[in-house]
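For clarity, chains are labelled A, B and C in written order, and residue numbers in each chain start from 1.
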Amino acid sequence: MFIRNCWYVAAWNHELSGETLLARSILGEPIVFFRCEDGSVTALEDRCCHRAAPLSLGRKEGDHLRCGYHGLKFDSRGICVEIPGQDKIPPQARVRAFPVMERHSWIWIWMGDPATADETLIPPAVGLDHPDWRLKAGYLHYEASCQLICDNLLDFSHLTFVHARTFGGTNAWANQPPKIQRLDRGLRIIHTMREVDAGPMLAERGQTGKVDVFNVYDFLIPAILLLRGSRPPAGTVSVEPGENDFTSFSCQAVTPETERTSHYFFSWGPRKSADVPGLLDLMWRTALAAFEEDRKMIEAQQMRVDTNPDLNRMAIGADSALHSFRRLVDRLIAAEQQAGKPLQTPQAPG
Amino acid sequence: MFIRNCWYVAAWNHELSGETLLARSILGEPIVFFRCEDGSVTALEDRCCHRAAPLSLGRKEGDHLRCGYHGLKFDSRGICVEIPGQDKIPPQARVRAFPVMERHSWIWIWMGDPATADETLIPPAVGLDHPDWRLKAGYLHYEASCQLICDNLLDFSHLTFVHARTFGGTNAWANQPPKIQRLDRGLRIIHTMREVDAGPMLAERGQTGKVDVFNVYDFLIPAILLLRGSRPPAGTVSVEPGENDFTSFSCQAVTPETERTSHYFFSWGPRKSADVPGLLDLMWRTALAAFEEDRKMIEAQQMRVDTNPDLNRMAIGADSALHSFRRLVDRLIAAEQQAGKPLQTPQAPG
Amino acid sequence: MFIRNCWYVAAWNHELSGETLLARSILGEPIVFFRCEDGSVTALEDRCCHRAAPLSLGRKEGDHLRCGYHGLKFDSRGICVEIPGQDKIPPQARVRAFPVMERHSWIWIWMGDPATADETLIPPAVGLDHPDWRLKAGYLHYEASCQLICDNLLDFSHLTFVHARTFGGTNAWANQPPKIQRLDRGLRIIHTMREVDAGPMLAERGQTGKVDVFNVYDFLIPAILLLRGSRPPAGTVSVEPGENDFTSFSCQAVTPETERTSHYFFSWGPRKSADVPGLLDLMWRTALAAFEEDRKMIEAQQMRVDTNPDLNRMAIGADSALHSFRRLVDRLIAAEQQAGKPLQTPQAPG
């Protein structure tokens, strides 16, 4: 069960270029992405209406996509405009088309009713081309549900344990609960930890004394994390940082591939004005190692959940953000269902 | 759901020699094949009646097969003739035996009621030893249902798209529908295309001008394709070719391994009188590449079907042969069911 | 369906040392094993009560186990004694703890109600440190049910066929049924075969004449085989051997990992007083080859059973021991069910 009327990150925009047909499943539905001649992105059901062949095995012909099996040709609205060997094209000769937006270096897709697609609901992510930040982009595939990954991202107490050798290095993550603020479509989570160990990453750059940690992230529907942080030497900053005082930024997005597998898109990097040679490389090496630590734990957790899906689990204090976010998701799903089941095969626009 | 009262191709006859015990599943049933001393082929249920061990892990003893687990010995009718350590052999000590024929270089098996096995129903395939043709033999395993492969073989419009770099090279396959004739147990499909591009394979031999394409194949129950073809330079032949004018021949057979996997046996080659050095090699390289093109497409199609098995698909004109053949298959299955469920464990003959 | 109120072999005791956290599933339940500071072994449910992460991905802290995800700390009774970031620990903060015994070089686990764990029910196996025997230890993982492996071990007629090149070498195993005696919780199976071929293993040591074979093994609940054997030159021993006359010993244990996969622990070796250079190596090479012969056959058998789980199988005389043992298992399972379903989450002791 997923929220459908929202924007999911489907790809990095640099994954789509030239003649590329990108096949990717989102919420269990096979989709093919490609760029039209004007650079805009089209997302169609990746399954020909004729005999179910994946259209991603076909070829782009200008703004059209031709099935590689029997040659049916579809326009960017999913409407079949040519059937080889016959003149008449029946009206049901079409595949589903999905609203798509390219923004903040990501390709966003709307999986619900196209008529309700609302551009203003795209979260305020930060793209790779943002003037203030030097960001690198990554992707991981998860053999785990989107929910288990969200749970992870909504509770940084795990940094102390999972990431002791990467992001962590202090018990403060686990022992000092963050402030949690409700946002319109998500949560803001604020960690302010003073006089803590600098941790492995800063240590590698020679900063081994105590630091203050300022970490603020928004976690937004459907599963978008926007994080800014700074770790000045302890005591050098008396007030909490303003927007311009943060020295690092990370965008992360989790998108269900199926009920039990997920896409994980992420960027991280320093503020350009705070950048020094080698910093981004160090951050990136650290992040990749840390994200593998997460993946190992979460995929193992998923296997335990699979073995006993009905097992009761015991809540603890550190769960409050993730429970709050789960309730928000459940409310949005319930609201969608009350408003009528979203169209599985909506009319294409135009 | 399969037709049972018909002959399926189970193997190339050269797969069975000497002491070979060939284990192969047909219509989901594990079967072991071996040759008796007189060269005849026996097919038995590959599962001992004692503790279900595969008999194919045992050994041939003359015309008998001994289970490799506890030593029960079966004759070629599937009747147990020895149980080590005991004198009495109960009458239920037997495994199913299947009627088998060796013809046209293939081993054929009758999966229905043995009492109805009718030799005259073996399709008129062409063996590797036929005096007129120089044929090579191949095999592919498919992660796709027999039906999807039949669909492919019954609609050559896909040559234009799937085989653009091998068998195709002209839009005529897709744009000029074939003539379709009903046969007693199948269909005859006739492509006559004049003044078309010679295509990649002939081009590799320097024939780059226009050709006429004559292609005639029978597709027979259960899934046997018998194809003859010729591609003379355009305009050099005014009438359609007679049997002796075709310059290539292909036999192909699809046999369900399970509901969702298949065996694909095939041969192809030139008429001996039209053969020239290098021709068979070129044809064979082309065929292997083309059959991999098909397999890639059909296995991808199967995955899409698996994801949404109940999805409606839209028929087009090019489907008429395959729909006609499916109806024939359905009629034969219905007739079998009306005549009484075929025996799952029939009495062995004798 | 398994017997729960009995001791299963979970590991060789040398698998657990220092900081090792051994993750192993027994009867389908994920369990983590570790040694406390005093050397005693603890077995806990390998699934945190908080969010189902495997505790085996955490770390040992003295006699405690800390979850590697959010840091919950458990004592050796499975009781949570620390939740980072909060003071109060709810009473349901615990994981299941299993009674464990270390004996005869094996770690034994009691999968039923801990209150009924009865040390006297541990079978009288022989450890690697026994003064009389020089034993080597091995392990195989099986893609087959425990029952199919027990069936194999309860019917040595298969030595003639499966092990013709290793343990076998004579038809006598199949043709001369053993004596079978009932024991309190199992069976004793006695093979006495006079004037038979020495077989491949003895032949490799130059003993090619006839031998007498004395083979006695107990097969005990849940699936423990204790075997002593001797093969003196034919006619040199007129009476059956007493305990001290056997020249080889083997302990074997089968433990269900899941309904369809199993652990197989085994040791084998000569009596120290009968040992000669090279003998143990020869025995061990032979045993490993033979156990692979078994595994190949039994895993293939399992695949046939999977395909047709409801197939009737035909009993033969050689099955009497295995049917007798199955009936004993069924009686014990029925008795457990009559006595009340064993607790799935029993109170931890203390």
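We take it that a residue touches a chain if its C-beta (ideal position, glycine included) is under 8 Å from a C-beta of that chain, and two chains touch if they have at least 3 such contacts.
Quick caveat, the model's predicted, so the values are computed rather than measured.
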Inter-copy rotation, chain A to chain B, in degrees (Cα atoms; steps of 5): 120
Interface numbering overlap (same over half, different under half) for chain B and chain C: different
Geometric centre distance via CA averages, chain C-chain B, whole Å: 47
Chain B: positions in contact with at least two other chains: none
Complex contact set, residues of chain A against chain B: 28, 30, 46-47, 49-54, 57-58, 66-72, 83-86, 90, 92-93
Contact footprint of chain B on chain C as seen in their complex: 151, 155, 157-158, 160-162, 171, 174-177, 296-297, 300-301, 303-305, 307-308, 311, 313-318
